[in-house]
Every structure is written in structure tokens, then in C-alpha cells.
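Chain IDs A, B, C and D follow the sequence of writing; residue 1 opens each chain.
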Amino acid sequence: MADLETPRTRLLVSCPDRQGIIAEVSRFLNEHDANIVENNQYSTEPGESVFLQRTVFEWTGEGEAAEVLGPAFAAEVGEPLGMEWRFEDARRPKRTAIFVSRYDHCLLDLLWRARRGELPIDVGLVVSNHPDLGADVASFGIPFEHVPVTKETKAEAESRQLELLGDEYDLVVLARYMQILSGGFLARAGIPIINIHHSFLPAFAGAGPYRQARERGVKLIGATAHYVTEDLDEGPIIEQGVVRVSHRDDAIELERRGADVERTTLARAVAWHCEDRVVATGATTVVL
Amino acid sequence: MADLETPRTRLLVSCPDRQGIIAEVSRFLNEHDANIVENNQYSTEPGESVFLQRTVFEWTGEGEAAEVLGPAFAAEVGEPLGMEWRFEDARRPKRTAIFVSRYDHCLLDLLWRARRGELPIDVGLVVSNHPDLGADVASFGIPFEHVPVTKETKAEAESRQLELLGDEYDLVVLARYMQILSGGFLARAGIPIINIHHSFLPAFAGAGPYRQARERGVKLIGATAHYVTEDLDEGPIIEQGVVRVSHRDDAIELERRGADVERTTLARAVAWHCEDRVVATGATTVVL
Amino acid sequence: MADLETPRTRLLVSCPDRQGIIAEVSRFLNEHDANIVENNQYSTEPGESVFLQRTVFEWTGEGEAAEVLGPAFAAEVGEPLGMEWRFEDARRPKRTAIFVSRYDHCLLDLLWRARRGELPIDVGLVVSNHPDLGADVASFGIPFEHVPVTKETKAEAESRQLELLGDEYDLVVLARYMQILSGGFLARAGIPIINIHHSFLPAFAGAGPYRQARERGVKLIGATAHYVTEDLDEGPIIEQGVVRVSHRDDAIELERRGADVERTTLARAVAWHCEDRVVATGATTVVL
Amino acid sequence: MADLETPRTRLLVSCPDRQGIIAEVSRFLNEHDANIVENNQYSTEPGESVFLQRTVFEWTGEGEAAEVLGPAFAAEVGEPLGMEWRFEDARRPKRTAIFVSRYDHCLLDLLWRARRGELPIDVGLVVSNHPDLGADVASFGIPFEHVPVTKETKAEAESRQLELLGDEYDLVVLARYMQILSGGFLARAGIPIINIHHSFLPAFAGAGPYRQARERGVKLIGATAHYVTEDLDEGPIIEQGVVRVSHRDDAIELERRGADVERTTLARAVAWHCEDRVVATGATTVVL
């Protein structure tokens, strides 16, 4: 879970794998009086292996750890070892915008968990292409923006959405947002976007997947939370869940059960992302 | 579980849905002094709905319930209501042949469970296109037949397999049998064939599915047990299972975990089939 | 799921087990032009076995099925066979009062699901011994009554609660209500009361169960939904759920995960109860 | 999974928590040309926190890593920092003895997984207080010793068991061994002993737990794998599993389902133990 109250900082590191990285990073932190409280590493397949590390440390010096330790880290460790890195203040929740259409289950689950302090997110905006959920969002004291989208107005709508986002957000969550975001939008938004969609074993292409699943006698239905890329529903997978169904469940009931697994799966994915645990590397993710 | 020791009979009924079927069947059984101990019905979607019923009853009359009650049932109930039906002696295990290639996990799991009395099957034959598992099968006291299959000898091999089956079997289980059975084989065998194969959310077509799953960052891998039809891996689904994986699991470990979920999923599917619970109807199944 | 829109009726039957019950009930319904759409039976252990049946039927006659068919059923079937029985209109949601203390997760989950039409309940009242959740409940347009309870005022508080319930409710759900209801309250309320509480493998008696679970290295935590009896937390179990935890989860995180499994487990239990699927028989339940 | 083929070594460290431990250990390994491939740490609760670390490294120097690096590690890191530590050759499977009574499911699952290379164990001995499973064990080519145990001969039997173990084993697994081992046996054996037993939510004390579970309407049954201590069934928990059951499952079926979850849970626990992932600390375990 997020470390919202203790003065903790996360250091995220990615670089070509080689011997001695852990030693260098931990030596640096130790010498700067930072106490490591959690540390995870992972190296991708041999060959051109990439080394990934997430280190949580406590630092009680003056000022922000990132500002004070950053330049020294760059000079002593980051640049010599050819790293990409960043420091994240673990107390700062991710500034999050939620996009939604008409289904409320994922949206309400996120808002409620955020209010309970279960998710380290600060939801500053909900955008919808339908007005239906405005009152629900208002009851949480969060701004709701209705941005209708039609085939003709899509470009305009995306401009409006980008304007609303400005540069104030760290994350967009698509909580059953039924519009496809263009490659241009993704590029200009420039922040991670997490989506949730239903999944089956096996998969069913095309319209009416719950109906198709029922016709095939599927016994498990699932949900996949993933980062959005230009390949629709094909981005790196963050988390998945399943729930058991039977022939007694009609298509409506399948969708309800799907809704349950969607909201819990999305909540886990958002939590891990906001704790800086998820590294997208190539087409896959590593959850540190 | 199977009712192997008490004198129980199962009546399986399928017919166009209409009012009064349950009343007719239960009246018949009651009048013939049969005591219903389990009763499940299901009607498929409205429209041209199909009514399915599985009734387990105790009957202590002279002779076999099927032979004694059968003609009266046909005359009084089955034919007037346009039914398909059959009586099955619940004490009689299904005579089963297992086809396997080199992977032992599904085969051994079935043989153990059968030996422990967990599965109402009587395994009379194991056929393999490789000799590797002969000693294992021998230790269970079961005949093992090595029938090699190459592209050139496939027709001949299938003839040999059909000859081995004769008309002595109720069921074939493909316990990771890596050859595709021809439509001709399926037609001539004329008995249900259950297969197990790996499944993912989403599905991965083509070769190396575990590698593909790993590349996409899949978090759940699964298995699907289904009846074999001419559409490879597309037959009606009997049962599915999943297991959780992570980026730490390499392709070998993914396959091991897949093996675990394959064997438990196949065992459940075989158990339900042999308890006469599974009705394939169209492309789906109903598990009564 | 509940059948809120089609004119369906549920017939619930309980009686000493004997041959011919299914035949009698189905003959009766057939003769009165009722079409059975779902039918489940169960007989408890041999010996003094109890027969339980839940039959859902469509009936398009004039008036309420219960009123029109009831007297005939009593005379022809119910009384001759020594049954307890009742007819329930499947379109009528259960009138439900929710008792809660300070934790909001189970309460909000029930209110959301009810609003979405997922649960066949009509929540007419929320009672709490704390004022905290009043605004949340108000946003659903549901009356909220604050009835403080202290050791001294418990009897008085229970009288007030009984007065609020009147005879307008079919069900009370304790959605993390942290007070023990007296035997007198249970007797006078005279309606089913469903409770949810955390569970572990193995169980931990006494205070601080999450802390105890953590100290023992528990890897799974669970929740149990049950009917309330005078034996605290010992009533017949309706449903259970579990979630995986690890040593990395501190006591706070364990409680959060517990909250998640509590709310989904309670929601399933309430749904089954309100679909008249759950029969408490002795210390156990049968979910038909 | 176990790293049986690459020349890898595991370093297991436990010491009072303080700043700089990771830096020291990783500096040492780096300076001795060891490449860290996996690294996990955990600190128990604040206060008298204990720091635990499991580091897997590749070392291609001459000789055994433990022998070559050990003395230097002791002098430079282990003793100055007040550590307990050990080096383990990751290629060396744990020498394992299995104790069993009459139930075969856990035993066969372990032997089969070991044969497949799924479990890094080398099973050198099976001891049973019954002769029943001798032939099964023989078919794996493993010595089987029948050591009967009665109330009168228990001390003598334990002496015989200790004699059979000698000092040739790293681990004893109780695969449904239905005898209680004395405190004296545990002390003299001096190696970890893993046990599996059934678990329920809630727990049922006394005889016939499956019958009790059924009487209470339990919906989930489970299994707990734990280290054996003198407190029977109360040792630190390594792993747990559950499986869903219903009122339709009689006591025999509950036990069968229990057997399934017992064998998979035990196999996971043994795998983790043999990969040196499990640290028992106080009454709990940490799985690194």
C-alpha cells in the first residue's frame, strides 16, 4: 500500500543489466543517510537484459529528497551507469483524471476507495461523453465535465479533453470509457493511461462478447487492466482477474459478474501504478 | 460424485421445452416406485428452447431399471413428448481409453484418481504415439499401446486406434495427445472425446503461446476442457481453470503452472462427464 | 439473479422426505397452468431426511399466484404431505433495513448494488449507532436513523430499533454493525438477520484478529456471511470468501483486504437470500 | 523455481535491522565478482525489527562459493553487522525424507513432482507406520521403511526413525503422517519438518472436522502447510489454499476436495522451502 504518512521516497531505476548496480545504488543511499525500507529488482531475459529497481527509502534531511539527492545521484550513479531514473515522493498521491461513459461501477469504486484512503490518488476531474453520472460525481465533491463525442466532433472533443487535463495530471484512468482515444491524443496527453476491459478464455472477437461467451459455454469470465497504446486493447497488461460463471447465468448476469471483476481488477492495477510498482517494458509489464 | 455403490439409475432427458414435462417424468417414476434422489433441469433460451433434465433415482425392483422401466417410459412419456432419453446405471463406471503423447501430468492424474475411486472411470487402454510412458502405465496394470503417427501413416494409425477401441469404450480422453484426430476418426469412433488445452486471457494464436503470454505480461494462465469436434480446440467447453502467474515466472515455469491447472481442470471435466452431468447442446454445454 | 420483470412466482417447500413429492408438486402446478422455469430439490442426510424444493414458475392467470393457487395447494398437496410451504412473488424485492456502525464498505456496496438493480432489495431504512454515515445514506435518498447504544441504554435502543422496523421489513442486514443484538431483539424482530464477519484459517479467538493473523503468518483471510442466532457468529453459514495476503501486508492492509472480501461475500449472501435460494436447516444452510 | 542447472548460490541473511545492510552485502558480492540475479529483503515491524535478505548470485570463480567467499564474508560483513547467515548452493536439491501413513495423495504428488524436476528435492527415504504404500514408493525406486507405531512402542519407533534419518537429510515432510512427533524427536532431528493439515473458516476443533464443517454449512475448505513445532498444528504457516464446496458435497466428497487442496498447498510450501525462500521468524514466516 501507499506510504502516505511517513516521509518516504521511491527511487525508480532502469538501465542495461550489469554487475554492481544494486551495490552502487545502495552505497549512494547509505552514504546520504537514507534508510532503505523496501527494495525490489528484476532483470529481464538474458541477452540484452534490462535491469529494473524500485527502492523505497526514508530520508529525514532538509528539503525534498528528489531535489537534494538528485544532482548527486545523477553525477555519481545515474549517468555513469547509463540509467534512467526518477525520485517519487511517496506521500504525494497521483493527480488523476477519470474518463467514463455510462457504466458507473468502475468509477464509483475508484472514487470510494480514494475517499477511504485506499488508493493513493487525488481525483481532480471526471470527464464523460454522457451527462448521466454528473450527480454521483458531484456527491464526492469532484468536478464533472461533460464532453460529448460524435464521429464528427471527435477531434474537437479530444482537444477539449486535453485542455481540461492541461499539465495538471499524472494519470488518466478509463473507467469503462467507451470511446477510442486517437494516437494523437495519447501522444499529446503524454501521461500513462490505464484501461479496463473484459477478457475471456478463449477470447471472442467482435461484437457481443458476453453473448458469444455464453454461446460457447464459457465457465470463467475475466477482466484485463492495461496501459493504453495505439493498439486498441493490446497494451501491456498490468493485472487480470476472473470470476466463475455457469450456464445458468444469462447474458445480463454475465455482464454483472463481469462488472464486479472489472472494478476490483482496475482498482488493483491503479493502486500498483500509483505506488510506482508497475514498469512497462516492451509489450509487457513488471510489477515490482 | 458418482454413486458407485447404491443401486441408483440416472435418467437423462432432452426435448423441446413445454409445460408439464417435470410433472410427467416424476409421475412416471413415482408410479413405478422409483425414489428421486437428485433432479436437475434447465431450459435453454426462450424461442426454440430445449428442455434438459437429469434425474437420479433409486429403484429396488427386479432386474436392470433401464430394461424394466425403459419400454414403459418410451410408450407413456418419451415418445408422446418427443423426447430423446436414456437410462444410465450409476454404479457402472465409464469404460475409458486415454490417448497421450509425451507429457505425463494429465495421464497420471487420471490414473491415480481412478485408482483411488475418485473418478467413475474404468481405464482399459492407454494409446500413445510415443513409447515413453509405457512403464508408468504398466505400473497401474493397464494395457499400453504404442501407435506411432506420422503424416504418411496417419490414416493407418487411426485405423489401428479404432481397432483397439472396438466398441468396448464409452469415452476417449485426450490427456495431452498432440495429434489432431480426423473428422473421419471422430465419426467412426462415435463416442464422446474430451480434450484439454491451455487458455489465456486474451488468447494467443499460433506457436509458442506460453512465450507469447509472457511477452504480453499475462497475469493469469488457464486451461479449457472441451468435447472434441472437427473445429480444432473449438468444441463445447466443459470446464475451465486458471492460475496466477507473474513476470518472475519464465516460460518453463509458466508451462509447469499450466500443467497443474490442466490436470485439475481435466479431472473435473471427466468426473462431470462420467456422472452424466454434462449435456452438449449446440456449441455450448450445460452442467446439470 | 432476481426475476424482477417477468411475472414469476417462487414456491418454497420443506417437508419430511418421501417418495412422490416432486411428482405431486409438479402435477399441481401443471394442472393449474403454471409453467416451471427453474426447479431445485435437495434431501438432507438419510434417516430423518428433510426434503427441500424451490420451484420458480410462470403463471399468467388473474390475480396473485399466491392468493389464487394457495388454498388449492394447501388442500391438495401441502397439508396431505405435511409440508411447510410459501409462495413468493419474484418481482417483489425484499423490504430491507440495514444496520451499520462506522465502517462504510458493506453499506455502500449494498446501496450501490440495490440502485443498479443488482440486488432484489428495497432498502427503506438505515440504522446506525453512530451519526457518521448519515450524509452518505442521504445521498441515496434513504432514511437514516441514529440510535446510539451504550451498555446502559441497550434495551431502550433495541426497543427504538424494533419500533423503526415495525412490521414493514422482510430482512435486516448487519453491514458491520458492531453491537450484539439480544436474544429478545431477535425473537421480537421475527425476520431473518444476515451478518458478515471476518474469518481466518485457522480461526483466531479474542481481540485483534487481524493482528493475530499477521503474527501467525496467515496467507489467506476470509469473510463469512451467516444468519444471526443467539450464538454470536455461530449461525448457519450462507456464503464465504477469501483473499490472498502476504507478510508484506501490515495490519491496516489486512483489514482493507478483509473489507473487500467482506463486501463481496455479503452481497452474494444477500442476493441469494432475496432470491429465496437459502434454506436454513438445523445449523447449516442449503443454497438451492 | 529452483535453479538446478546454472551455477548459482543463495545467501540468506538475518540480523537486527539497521541502515546500510543492503549496501554492505551488495558491495561485498560485487567486489568478489558475484553477479546478483535476485534479491529480496524484508524488515519486520519497527521497534526490534529484524532484517531478512535472500540474495541469489552467479559466481564463476574456482571452487564452491560458500567455501571460498564464506570466510571473507564472515570477517568483512557477517560478524561486524551481527548477522546470522548461510550460503546455499542453488543446484543442490534438499535431501528429503517423507513420513506418511495411509493416505497417498500428498506422497504421490511430491514423488511425481520431484521426478519431473518441479521440486528441488532428492527423496531418499519414505517412512510409514503402515505397509500399504510400499509398492507405490518402490515404483519410484525409493527406499520404503515400515516403522509401526503404537502407544507402547512410540519411543522405540521414534528412535528407529531418527536412526533412519541419520544426518543425511535436510528436510522431513509429513505427507499426511497421522502420528504426533514428540518434542524429543523434533529436538534430536534438528532439521525443518513441514506438515500439512486441513483448515476451515472457521476452525473446527475435535474429531470429524469434515463432518462438523458440513453440519455448519461451510462453503470453503482449506489446507495449511506449516513448520512443525511442539504446539501441534500451531507452527508458523508457510502456505494455505482453499477450495469451494457446497451442501451437495457429502463428507466423503469434502474429504476428496480437501485432499486436492492439501496436495497442491503442500507442494507449494515444499518448493518455497527448498528454494530457501521461507524464513520462520517468531511464530510467523516471511516468504522472500
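Convention: contacts are C-beta pairs under 8 Å (C-beta built on N, C-alpha and C of every residue); 3 or more make two chains touch, one makes a residue touch a chain.
Keep in mind that this is a model prediction, so the values were computed, not measured.
Student: Farthest from chain B by Cα centre, which chain is it? Let me know.
Tutor: Using the mean of the C-alpha atoms as each chain's centre, the farthest one from chain B is A.
Student: Which is it for copies chain A and chain B: same residues on both faces, with over half shared, or different residues?
Tutor: Mostly same residues: over half of the interface numbers shared.
Student: Just curious, how far off is chain B from chain A if you go by their C-alpha centres, in Å?
Tutor: Centre-to-centre distance between chain A and chain B: 42 Å.
Student: Which whole number of Å gives the spacing of the CA centres of chain B and chain C?
Tutor: 37
Student: Can you tell me which residues of chain D touch two or more of the remaining chains?
Tutor: none
Student: Across the complex, what residues on chain B touch chain A?
Tutor: 42, 199-203, 214-220, 222, 224, 233, 236-242, 246-248, 282-287
Student: Which stretch or stretches of chain D touch chain B in the complex?
Tutor: The contact residues of chain D facing chain B are 1, 104-105, 108, 112, 116, 118, 139, 249-250, 252-253, 256, 260, 264.
Student: Tell me, which parts of chain D touch chain A in their complex?
Tutor: 19-20, 22-23, 26-27, 29-30, 33-41, 43
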